[in-house]
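To start, the structure itself, in C-alpha cells.
Chain naming follows the written order as A, B, C and D, and within any one chain the residues start at number 1.
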Amino acid sequence: MRVGVLTGGGDCPGLNAVIRAIVRRGVPEYGYSFLGFRDGWRGPLEALTKPLDIPAVRGLLPRGGTILGSSRTNPFAIDDGVTKIKKNLQNLGVDALIAIGGEDTLGVATKLHEMGVNVVGVPKTIDNDLSGTDYTFGFDTAVTIATEAIDRLHTTAESHHRTLIVEVMGRHAGWIALHSGMAGGANAILVPEVRFDIDKVCEWVESRFRLDYAPIIVVSEGAMPKDGEEVLLTGDKDAFGHVRLGGIGDWLGREIESRTGKEARTTVLGHVQRGGTPTARDRWLATRFGLHAIDAVAAGKWGQMTALRGTDIVTVPLQEATKQLKLVDPALYAEAEVFFG
Amino acid sequence: MRVGVLTGGGDCPGLNAVIRAIVRRGVPEYGYSFLGFRDGWRGPLEALTKPLDIPAVRGLLPRGGTILGSSRTNPFAIDDGVTKIKKNLQNLGVDALIAIGGEDTLGVATKLHEMGVNVVGVPKTIDNDLSGTDYTFGFDTAVTIATEAIDRLHTTAESHHRTLIVEVMGRHAGWIALHSGMAGGANAILVPEVRFDIDKVCEWVESRFRLDYAPIIVVSEGAMPKDGEEVLLTGDKDAFGHVRLGGIGDWLGREIESRTGKEARTTVLGHVQRGGTPTARDRWLATRFGLHAIDAVAAGKWGQMTALRGTDIVTVPLQEATKQLKLVDPALYAEAEVFFG
Amino acid sequence: MRVGVLTGGGDCPGLNAVIRAIVRRGVPEYGYSFLGFRDGWRGPLEALTKPLDIPAVRGLLPRGGTILGSSRTNPFAIDDGVTKIKKNLQNLGVDALIAIGGEDTLGVATKLHEMGVNVVGVPKTIDNDLSGTDYTFGFDTAVTIATEAIDRLHTTAESHHRTLIVEVMGRHAGWIALHSGMAGGANAILVPEVRFDIDKVCEWVESRFRLDYAPIIVVSEGAMPKDGEEVLLTGDKDAFGHVRLGGIGDWLGREIESRTGKEARTTVLGHVQRGGTPTARDRWLATRFGLHAIDAVAAGKWGQMTALRGTDIVTVPLQEATKQLKLVDPALYAEAEVFFG
Amino acid sequence: MRVGVLTGGGDCPGLNAVIRAIVRRGVPEYGYSFLGFRDGWRGPLEALTKPLDIPAVRGLLPRGGTILGSSRTNPFAIDDGVTKIKKNLQNLGVDALIAIGGEDTLGVATKLHEMGVNVVGVPKTIDNDLSGTDYTFGFDTAVTIATEAIDRLHTTAESHHRTLIVEVMGRHAGWIALHSGMAGGANAILVPEVRFDIDKVCEWVESRFRLDYAPIIVVSEGAMPKDGEEVLLTGDKDAFGHVRLGGIGDWLGREIESRTGKEARTTVLGHVQRGGTPTARDRWLATRFGLHAIDAVAAGKWGQMTALRGTDIVTVPLQEATKQLKLVDPALYAEAEVFFG
C-alpha cells in the first residue's frame, strides 16, 4: 500500500514529529511506501509531491515547521477540485491519505471521505480549539512560550509601577491565554469567550497597584471589550482583511493608561508562539498521533482521526472534531478568576 | 475552619504552586485560616509550624522547592506518633490537614484518615508512578529537562563516533526515561520494568554506527541488565545504603565501550531533574490540584486525594494512589521500541 | 564606613547581582556597613531607605529586577535637591554612595561628585549604549531573548510565505537589534543609527521570497525610514509623550504588505527583554562590577565607575560614560550586512 | 582562489556558524570558491571532501556540531603525512586552508604554515584555555548550560539537607567551573589549577548547613585533591586511557558524605555541555571569527589566527595560541572565593 501524507493550515510545532512517526512505523511494521504531498490540499490537487521514506524523516523530531509545506487551499472552492484529487491519487498509486491539520483541513478530509477517498486525520491546532481530543500538539509549546514571557515581565513589573500586557494567539478560543495566564500568575486573563468589562479590568489593575505590585494582563488576540468593538475595528484590518495582530493588546494599553494615569506597555508575541522546537510533551503527543494514525490506516479506519483521551490515543470520527469549536469551559475560567486582581 | 498544610518526601517542582492555590482560594472563598507544618509529618508530630496566609504565598507560583520544607519522617515508626499528631492538631486548633506527597506521605495520610484525622491528599511524585491519576506535577518538568539534555547530545553524537548515555531518575518506574527518550529520539530506552539484554543494546548501538549516526541511550537509574546485577551492586551503595546515582549509566558506558571498542560517555542528570521552576503544564496541574484540594476540604471529602483524569480534576480514595506503583505500560513501551536501533 | 547603594533608571537583569556582590565583599573584606536607598535618587532625596546586609542579599544572584526599586527622579530638577541629599546622607551616617544606573543616573552621580559627594558608579543599560565600557550587564540577556524569538520565527517563516518582523528595544542605539539579528540570522537589521530605505528593505524581502525562504527583519524601536517619519509619528505617542512601543514594527509590516502583496506579521517583544533572570554572562559581569565597585570605594576612587575592558574590570571617570552615547560602529554594521537579503 | 575549510578536535557549538560566515562573505566579496574537508586533518590527508557553497551553508547558524565532521588525526604522526596533504591540496586546486580547531589542530596548522602551506586558523575550545584570544566560541554555551543546572539544584538543595555536586568539563583549565560557579552562586569551585583541600571543602559545606542552606559545589573534571590522587586514579580510566568522566565528582560525593554524615548527590553534565545550539553570544563570536578569517585569507595573513580582544576581532600569530595553555588567573579565582562557604 502507498500512503500519502499532507499538512494543512497554520504552522504548529510537532507537524514534523507526526510525519516521522508515521513513516518510522509504517515502513517496517506494515511494509507501506509513502508519498509526501506539498502545501496542504494543493499537493494532491496539483500533484505536487515530495519523496517520503525513512532517510527523509531523520532528524525531524525536534524540528518546528513542516517539511511538506502547508497552505490554506480548499479543493471544494476550486472547479473539479475533488475530481482532480481523485485522479491524481490514482495516477500516483496512492491508496490512502493521512491529512494533518485543523478545522479547515479536516473539514475537507471529512467531505473527501464521504466521497470515497480513504482518509485518516490527525488533529492539529496551536489554539487547542478542536473538539474530540483532550489536547492538540503545538498547544503546550505555545503555552510554554507565553508563560516564559509572563515570567520575565513579573520582575520588571515589580520594579516599576506600570501595567504590562501580553497579547497571545487565540481568535475564537482563549485556551492559550487561559493556560499561560494561570501558569504565569497573571492578574487578569481576557478571552474571546467572555466579553470583558474595561472598568472591571481597571479595578483589578488598581487593586494590584494598591498592593504595590504591578499588574500583568494576558489577552487573547480575539478578546473583545463589552461595548468597544467599533473602536477596535477602526483601521485595524490588514491588507488581507484580517484583524491585525497587536490590535487588542495595544488598545488595552491605551485605555488602561488613560483611565489609570499610569504607563502601560504591550508585548505582542505573534508568530513566536508557532515556531521553533516543540516541547517534550508536544513531541510525545505528536509522535503518538503519528504511530496511531498509521495503525488506523492499517485497520482501515477511514474517516477517523486520532485523539487524546486521558493518557490513551483513540480514534474518533472526523466529524466530531470539525462540527464545533472547543471553547474555554466557564468552570475552568472560574478557576483562573481566583487569581484575578 | 483552620486547615494545616504539609509537604513530604522528595523535592518536586510545583509544590509551592499547590500551597499557593490552596490559600488563594481557601481564604476568600471559604473564609478558612491556614497553618503550615514544617518538614512533612515531622511538622504535626513536633508542632513545627509556619504562618500561611495570602501574603506568605505571593510569588510562589514559579518557585521550585517547598517553602514548608520536607522530610521522610514516618509517625507510625515513632512511639505514640499518632497520639502526638492528634494532640498537636487539637492544641493548634487545626480541623483538617492537606498532605501533599508521594507513596509514603499519602500512606501515612491514609492511615491517619482511618484513625479519624480529617485528611485530604494531593499526589506528588517526580517519577509519575502513583496510581489513580493520569499524571503528577513535577513529571513534565523532569521530562523536559531530560529531553533538553538529549537534544544537546544529538549534535555532538553526530560529529563524533561515540555512544552517549543519559541516566535519568526512576528507581522503580521508567516513566521519565520513556517520555524523554521518546521526545528526544533516543535509540534505546532502558527502564526498570524490563530487564535489558546488553547484547541487544550493543546491536542497536552497532546498527546506528553503521548508519553513520551515533547512538544515544536513555537509562532509568533503576534499570537492570538481565544477568548483571551482581556486577552492578558491588560497592555501589552510598553511606546510606542507597544504590548510588550514576551506577547503571557508568556501568553501561564501560560495557558498551569494551564490547564495541568505541568510546562511550555518560551524563548523570541527578537532582537537576527535581529542581528549578516548574514547566507551564506542571504549574497548571499543581495549581488546579491546590484549588480542588481546598474544595475537597470544604466538601468534607476526607480520605480522598485530587487526581487528573483527562482534562478534569477529580477526587479518588487515597488508597487508590498508594496500593500499587503505576509501572510503564508494555503497550506504551512497544510504541517507543519503534524508534530503537 | 557606611556605604549607600541605589539603582536608577529602567529595569535591567543583573541589578540584584551587583548589589549582592557589593555587600558580600564589602562586609567581610572591609568591615563596611550598608544602607539601601529606595527608588533611585528619590531614596537619598527623601531618606527612603532599606536595610542591606548579608542576609538581605541571599538568593539575589539570579533574580531580575532590583530589590531597591528604581525611579527616574532627578534631584537637580527639584528645589534644593542636592542640599537635601547631602543632609540626608549626613543624618544617616552614609559616607559614600554607589550609584548603579544609566546615562541619567550616572549624570546625576557625576554632578554630585563634583559637588563633593563621595560617589562611585556602576554602569547599567539594557541598550549597551554607554561609553567607557565594552559591554553593560543586561545587554546579553536582552540579546538572548530576542535571538530566541528570531530562532522560533525561522521555522514558521519557512513553512509559509510571509515576512516576519521583530521589534526590539533601542531608542537611540541599535546594539540589541544588531547582535540578535546577527545571532538569529535575520535578513535585514534596521537600527536608529542608519535611516533605512523602505524600497531597499522590500528588495531584500523579495530576494528571499525568490529563494523560497521567508524573510525575517529585526528592527530597533528607534529605527526610522528615510523620509517617512511624519507617517510614523502620527498618533503614535502615548499618554506620556513617549513614542509607543510597536510603532515602527507595525508600520513596517503594513508597508511591506502593501508593497509586496504578501502578508507580514510583527512581534513586539517589549519589556520581556528587560525582565527575568540574567544570563550566565550577565551575572558574571554584574557580580564583577559589584566586587570592583566596593574595591573602588575602599580605594577612594570617587567620581569613577567600573568598566569592562576585554576580560578586565577597570575604573574610568564617570564623565567618560555620560559624555556621549555609544552608537553602533559602521564597521560592525557592515559585517552584519553580509547576511542581508 | 579556492579555499579549503576543516574542523578538528572535540565538538563545540559555533563550528557551523564559522563555516557559514566564511562562505557567505568569501563568495560575493572575494569571488572565492570553497571546498570542505571531512574529519579534521584526515580530510586533506586522505582527500576526503565535501562541497561547500552558499546553499550548503543555509540554516547552519544555530546548528551545533559541524557539517564537516571532526577527528583527532595528526598528520605528523603519519608517514609522509605532510607530503600527502600538500599533494592533495595541489591536486584539488586548493590554494589556502582555514583550520578551525583547538590546541592540537592549530598546532598542526602552525607547523604546516612553517612548511609553506597557506593556512589561517580559527581558535576553538569549549574550555576557553587557548591563549591569544579573550574568549573562544562554545565556552559561553557550556557555561550557560552548567549555570542552568546549578540554578535548578538550588531549590532542591534548599528543601533538603544534602550536598549537591556538579562536575563540569575542564581537564587542565577551570574556566567553565569558575564562570558557571560564579554565575550560579556555588559555595565552592574546584579547578585543576589549584589542588583542593578536602578538609577545607568540608568546612565550607558545614558552614552552609549551619546557615540552614545546602551547599552546592562545582568541580572541573580535572580538579585534584591535595593528597588524594592515588585514590582517584584507581580503576577510573576508560578503555582509551582517559580519566573517566564522573571520576572526581563521584569521589567528592563519597568523601563529603563520609566526612559530614549527610547525603551528597552528584550531577555529571558530560557532553551535554558540548552540544546543541550555541548561545547568541557564541553565534556572534563564531560568525565574526568566520568573517575575519576569510578577510585574513584575502590579506594573505598566513600563519595567523583570528582572536577576540575586547570588542574587536584581530589576528595574532598561530604560535601565540598554541605555545601555552591559558589557565585561570589567580586574581579571578580570588574574586570567586568571596562567595565560598
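Throughout what follows, a contact is a pair of C-beta atoms (placed from the backbone, for glycine too) under 8 Å apart; a residue touches a chain by one contact, two chains touch by 3 or more.
Keep in mind that this is a model prediction, so the values were computed, not measured.
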Which chain's mean C-alpha position is the greatest distance from subunit C's?
-> B
Where the CA atoms of subunit A average out and where those of subunit B average out, how many Å apart are those spots?
-> 30
Subunit A and subunit D have mean C-alpha positions lying a whole-number Å distance apart equal to 40
Between subunit D and subunit B, distance of the C-alpha-averaged centres to the nearest whole Å = 35
Overlap residues in subunit A, where contacts from two or more other chains coincide | 148, 151, 154
Determine the shape of the graph in which chains are vertices and touching pairs are edges (line, ring, star, complete, other).
-> ring
One finds touching chains in the pairs A-B, A-C, B-D, C-D
Over in the complex, which subunit A residues touch subunit C? Could you list them?
-> 10-11, 13, 63-66, 69-70, 145, 148-149, 151-160, 164, 238-240, 244-246, 250, 253-254, 257-258, 261, 263, 265-276
Which of the residues in subunit B end up touching subunit A in this complex?
-> 21, 24-25, 28-29, 58, 61-62, 134-135, 140, 143-144, 146-148, 151, 154, 179-180, 182-185, 213, 277, 279-281, 283-284, 287-288, 291, 309-311, 335, 338-339
